[in-house]
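Read through the structures below before going on.
Same chain, two partners: subunit A is paired with subunit B first, then with subunit C.
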Partner chain A sequence: MRDLATRLETEGVTDAVAVAEFGFASTFSMAEAWLPRIQSFQALPAAIEPQRSWWREYWKGISFALPMLASILSIMLLDFSLWGGDLSPEDATATGLGIVCSFLLGGGFVQVVARRGLFLAGTNQFHRCEQSTWCWVRRGVAFTILASLALVAASAYWDWLPSRISLTTAAFCVALSLFWMATGIFHVLDRGMLVTWVTLGGIALVGALRFGLHLPLVNSQLGGILVSACAAFLISARLLRRRCEKPAVAEVPSSFLRDVFFLWPYFSYGILYYLLLFADRLVAWTAHTHASAFAVQFRADYETALNLGLVSFIVEVGWVHCSTVSFYRIATRAQKNFSIGNTGGFEREMIRFYWNRLARFIPVAMAGAIAGLLAAKAGGFLHGSVLTTAACSLAGFPFLVVGLWNVSLLFALSIAQKAAAATAIACLVDLTAGYLLTRIGDYHYAIVGFLLGALVFAFLSGYWTLRAFRRLDYFYFAASA
Partner chain B sequence: MTPPSVLLTSDGTYPCYTGGVSVWCDQLIRQLPDVQFHVFAITYSPSHVPLYTRPSNVASQHILPLWGNEEAGPQMNFASSLLRKISTTPQVIQAGFLEPFQMCLRSMFGNDSNPEEMAEALVGLHTYFRDSDFAVTVSSPAAWDTFLRVCSDAYPKHDQPTLEEATTCMHWLQRYFAVCAVRFPETDVVHASMAGLGGVPGVIQKRVAGSRFLLSEHGIYLRELYLSLSRMKQGIRCRRFLFAWNEAIARMNYHYADSVSSLCEFNRQWQLRVGATAEKIQIIPNGIDPGIFSPSATRDTDRKRNCPPTVLTMARIYPLKGIDHLLRAARLVVDSLPAVRFRILGEVGDQKYYLHCLELVDELGLANNIEWGFTSDAASAYKDADVFCLPSISEAMPFCVLEAMFSGCPVVATAVGGVADMIGSTGLLTPPRNSKSMAEAILALLKGDAAEAFRQELAAKAMARARSLYTIEKCSDRFRETYDELSRIPRTTGHLTAR
Partner chain C sequence: MSWLVFLHVTAVFAVFYILAPALAWGNTTRSHWTLATVETFTRFSFFLHFAVLLLGMIHLAQPGAVILLYFSWIGAALLRRTPGLLSTADSRRAFLVRLLVVAQEFRLRLWKPRFAFTETSGSWFILFGVFFVVCGWFPAHNLRFMDADSYSRATSLGVLGAGQKWVVDLSVPLLIPLHFFSAASAPAVIACSGPLLAAIFAVGTGFLAWEYTGSRLAAFLGTGFAMLAIVSGLAGGSEPGRAGMSAAYAILALGLAPRKPSCAFMASLVAISISAAFWVWLGIGVTCALLAGCGATLARRMPGALLWRSTAVATAVFSAVLCIHLPAHRKDGPLQYEAAATVCNRVASQFARNTWMVVSPSEELPFLYGRGWHLELIDFIASFTPIQVADRSFRFPYVVRDVFFFVEREPLLPGYSGLSLTARAGLDLTRSFEPSFIAYSTPLGRAALEYRAGELLAAYAGTHSDLETLHSDGRLTVYHVSIKSKP
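Then we have the complex of A and B:
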């Protein structure tokens, strides 16, 4: 009744007006008299929010992999890309190792920048998002430079690689780490397509340096990566600044230890995920053969076979984003439909949703495998050990994609430590199986390690996801706190 | 007598936001230099920084962001904080948290919430959070399950909240409980500038440390809440939950306050309706420094130089200020006086509403007549204006009206809250949301041969009234007397011994 009196007052019905125009003793007595009539009105139904079509979400999902696709196409059509291409075995080893090291050393920082940034941007704390982003980028750059120098020193001391190769590796590692971090900020800002444009710009610059100035390909690529990374940093700095709140805001002192405490699952997942992706390569590259001149040897045929799996991965990964968006939509809807007395119903509906989405992935996985096989046929790779490696890779990537979806659900429910644990165990299986098989047999057997690792990753993360779904009402509440 | 120490609490105002209550807090602290103040301020986000320089008599200033990702509870180093988290086990939560938490919920859901039961629960939570981690506790499965169970008991079977509503409401509670996790300084008096969450420290310190509790209300907390809740996007059960929580808190604050100050008779009537007792309430109007706000010697000379007539509005841009009604009135005024200029000065409090107003300006074809802005020199703005207009749909005792009265700027204002009491017959009053009558009042002061004489007559009357009733000294002297009276009352030991 008091709220009705308040509304009447703000409509100009003061006590004097209530007496003179409506014949009541006061605004309050008028509200009291009118309340039953007001209560009999039906509330308007809530507006239905428009949904984005599934193909838009699918496109957004695969847009993460578009730079990778651009690189593969560039290599196929032009013999070079922003990284990789028609290189000597030494340069291929240096760039290959540089790429892997950049992911392993910078991946944790990219993950932290992205997760923290997405959280802060999602809660409209853009100034803090900017602060946190640059703080972690600075830490990442410093760490990558120091770790790369340490690897160069270790290589020189233990004679792993000739100094030219180890220095090129370090240069690629640092330059690419900068590139991943800079482009990671675009994802925070929901401007994923910029990553593709920056990559294409970098490829064009590599072409200009190589064919215009006749620089060696490795030097052109280093120049291209560094310039694109700087451009990406400048653009993201501008975009971040533009989104910052207008008035002066508090500088929040960051505590490194506190950050580490809250962010370690994301940081370790960032490293472990890339380790899972590249562990088989490292195992294959370090397997001894008579042709190997160094402790680490790039395997071009193994890489080619893996690239087929990568083509399937690009097709399949769009499903992860679609399904995660669906999870939020269905969970939000189910939360509205189930009362607090029926939490079991809510959980059962969401578990049904989980299995339903997994079932829908089967045709996507088959489409991915067919795309990979078609790519193999077009490239004429369907023979010998390349075929076996490609087949294992095509079989492994769907499990990796399922694991990625589970991880995205675990992140959504703030159970990131389980995501990190599943990835760590999968890495262990991948490295152990791959190492044993390659030391007993051929280096191609490293792919079996990848396949087993991907299987473990999918099953363990799935197990923990389903366990969380059995208390989804609580986890959904705790994650959104 | 030793000057009293005072814990001044605010919610969404001083020192991180502009507006009437913030000005009042700042004035109060500066006018009583011998009183040692501690400030406890609730803000909406960690991004808000103090906008007022800290006077030397403010011994400490604690800012609690209600939203954002800061962890509530005492600031401590990482190792201690980690130990606290580890030691907050499910058993600790079970033993120390669940009982006061349930008591708080039951008290809130009861038909007529019992203020003493609510206070007991909040003090229980305050005691618990001294040693246990806030974030671990309020996000624990036990807290969630308890919340669902109590809600399930409180609502009838056919009208149970959905999981979404329960999640939203529990999130709100998590934030509100952050106030209970603060360690407040021990002072003679706790002075709350609002009857909502800002009053909780007053109740806790009264119960725990025997401090005296003074509650000052500018707007009526619950009344403003009714207005803001009506614009909320959340469903009816969520709004009911907020009503229940805030009514329980306000009722508790009124019950425990040793003295309640009100700005005007209109507010006093409301306070009586929402739970305050008549013998506790005293009316202390706001005050203005006449040294800062004084009439312009050149206003009339400027007018003769054919400067366009200026209508000034000083207000934060948000719906309760009724800026959209002013714009519609402006259209009618411009139809009669095409050269008139409307200056709307104030920070944007609601971006969506501001954008709506900008669209309205375009729609009404007023782009050449409306000036938006913000000034740090309010006194000059009043001196440059011919008429001051306040189109609010809800107010208590707005400072801007007093400032205009002191500056010799005739006032047109809506008859809301205590505005009519303030102005008396020295300005023109119009009903809220009535653009036509607002336009007529403005035109009465700007158009025609008699307008200038009418403005001068109203300005002179307003100035005389303001100087006799609303000076800053009068206001601060009343509060100083109240502080002294309250601190003379011997402190009783609370239900709990302060640590």
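Then we have the complex of A and C:
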């Protein structure tokens, strides 16, 4: 009976509502009245959930990183890609900065589009899902364009980069932000594979423009990205529209301020996560530039070392999705195994599950990293300080993956503020350590900042996740409510 | 430099050194706004001065760290006013809701000034306007400095901002945020800092008079007298350098002493650390404040109608006397030709960063530090012989695209400016065995140096076609060699 009363209150049926709208003396008396009727309801047959094989889950998990993987493979095989490739130092700086800025400016909006879209689609509010998606995409595009213009103005004011390079950076930033937002909608639609096809189509277009029309690589890439983004938007629009034809439930109106109040942790996390991922690059690119041609200098050797870590990250990140799916499965099962008086047992089992997943992942990830490093060394790709950078990068990415898993659990338990806080503190550590070390020593030391940041991210998010796991029954209920 | 740069740096100083800290710190003690503003300025300066000094000693006074430092202070000042803001999740949420409500209710309104433009504010406005015109006249129309110390400070500021090995010069840490926020070159910041700190000194004198007499007229007169003392060169020069900067804080310390002793202590520490030679300035400031106090006491005996007229008359008199001291055209030099500084700036703005080099005496270094490379003229002539450079296959061994040679056809005499012929003859050259001193600072050394540089370039030009004249005015010639082009 108490359970029903709590559920009623959660749905907004307070004592006042019970009196005014339902004619009961209080929420408790309403629950008392309704309990026998509810108990007489026949339980619905359990929905048969499609069992997806682990590799399908894994593939879904890495789908968001597939453009990155396709790009790296394309550079290795074809010497060009949707971005990057055989570019002059000026163009490499412009492209590199454009990519980083696109993630930083668009990341928050992609996260909001995905969270809001998944929630609305999950509650069968398809029309609102479509509206919300386009609304946040529009806001994201406007913000990115304005912020890019502000960056160009700042660059001109502080004389960071020549105007041609800063304009190329801004163009890449806007084009790639559009691309991330468009591919973000595919995740809302659960069409991760489309991301890969759109990316491959874009790479093919770049090749055609470069070798067919003999356009400069940067221009070809900009054209390729914009066309891919437009194609992705068109496909998403069609798919979203098609979803709206499905029967929907009554939709709850929303306001911008309420959305901001609930979505700010996701938005902050979207920006901070990419800042954590790219802060070391920014620190390394701006270190010891007093003698170079630009205030921001692309470091190719640093990038090569990081790319090795990035490839390992893409391989490892699939584990996050698999583990989150396992969490839901195990939690549902464990919930049924324990009575309401034995919440401690439920929590202990879930904590055991958490440590089990970690114990399986870390050694495998570390072994993979060491193997990758040895292979790269044997192949002669890395040597000297680049090797150290690659080693630190390979050591850091598994912790980042662990942090991501913790964050997905925090999101699942509706504690997004803690996810944003862990990422913010990690960014602070990353930037501070990287800045101090690179300014006093060599620019390669920026990777130490990343390693420390990733450690802090994994540790803090893990700490908060475990703290939530110790009251999992409460958070699990609150999240489902 | 132009008036635009001068006004820009002044505006940045006003916003980032006075307005933003004052708004962030607030007036929690409900004291008079002048005291609150001076207190905040002093606290802010104290923090910035010593924090940047520490950063500079470990080569970290670079844009990222300094800007973080600046905003940390502003953030801490804001948090101090709302102590419970970050304490609990509920207070954070409440703050966010308040912020969202403010954002929702925000409407763009046309700005309407809340203060009335009275005779008093008009007088202050005119006084400061005239003072800035007079003090800013030389830096706004010239790039060069008139004293060697300013060159040294400009180089020091550039070195500190670039995170290089810095020989501690306590007159520059405070100017680092101004350098970064204004994006002005180090020499421009040093040039503008003179008038700005002179204005602070004058305001400090007015503040001193105000604090001890409580009379607005005394404050106004004190400021005016101090301005007159500065522009008339009573303190030993119309361009306040480190002594003027130090005196500005010393006079603020005196003004703050009765009601804010801790702030007075901070201001005095800043003053003493910058330079201990502020006593003349301080004496002048105190005298001006005393005179202003006496003037205000006398003025109190006047009828009310005459009282405001006395402010207007004082404004007119101060403005007229200030205008008399508008600097006339000064002779080029004494340490650098104006054209040399102008060409440096032109080259820095036209050529890509660090792809060019200037070969010249040391005075050009601050104008290109961080933007291009510099080679001492004495090192250049010691490296090559005319026969060597006359060889057709000869190339300058510099890893840059363009090299600029500054050759004085009428050599300057930096070490001898202001000395008579008899005094020059009496100088003991054996006091320094430094070859650069003999070469740059003695008439014969300088002339020989410039002649040899000209000789080398003439020999080079005979066999190479890539030497062109970038600037020539009879006293200075700037040659340009494009390293990439074929002879």
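List of remarks:
Operating definition for what follows: the second predicted complex is superposed on the first by the 405 of 481 C-alpha atoms of A that agree within 3 Å, B and C clash if a C-alpha of one lies under 4 Å from a C-alpha of the other, contacts with A are read in each partner's own complex, and residues count from 1 in each chain.
Simple rule for what comes next: a residue touches a chain if its C-beta (ideal position, glycine included) is under 8 Å from a C-beta of that chain, and two chains touch if they have at least 3 such contacts.
Because the structure is a prediction, the values reported are computed rather than measured.
In the superposed pair of complexes, A:Tyr157 makes contact with subunit C only, with no contact to subunit B. Of the two partner chains, subunit B is the only one touched by A:His127; subunit C is not. When both complexes are overlaid on chain A, the residue A:Gln417 reaches subunit C alone and has no touch with subunit B. When the two complexes are overlaid on their common chain A, residue A:Arg439 makes contact with subunit C while staying clear of subunit B.
Look at A:Leu257: by the touch rule set out above, it reaches both subunit B and subunit C.
When the shared chain is aligned, no partner comes close enough to touch A:Asn219: not subunit B, not subunit C. In the superposed pair of complexes, A:Thr286 makes contact with subunit C only, with no contact to subunit B.
Judged by the touch definition given at the top, the superposed model places A:Thr388 against neither subunit B nor subunit C.
For subunit A, the partner that touches more of its residues is B, with subunit B and subunit C as the two candidates. Overlap of the subunit B and subunit C interfaces on subunit A: residues 257, 261. Contact residues of subunit A toward subunit C in the complex are 157-159, 162, 257, 260-261, 264, 286, 290-295, 417, 435-436, 439-440.
The touching residues of subunit C, counted against subunit A in their complex, run 58-60, 62, 64-65, 89, 96-97, 100-101, 103-104, 162-164, 183, 352-355, 370.
Per the touch definition, subunit B reaches subunit A in the complex via residues 45-49, 68-69, 78, 81-82, 138-139, 141, 144-145, 148, 151-152, 157, 160-164, 166-167, 170-171, 174, 222-223, 226-227, 229-230, 235-236, 243, 273-274, 347, 393-394, 415-416, 431-434. The touching residues of subunit A, counted against subunit B in their complex, run 2-3, 6-7, 9-12, 14, 17, 28, 43, 46, 119-120, 123, 125, 127-128, 245, 247-250, 252, 255, 257-258, 261, 332, 334-341, 343, 346, 471, 473-474, 476-478, 480-481.
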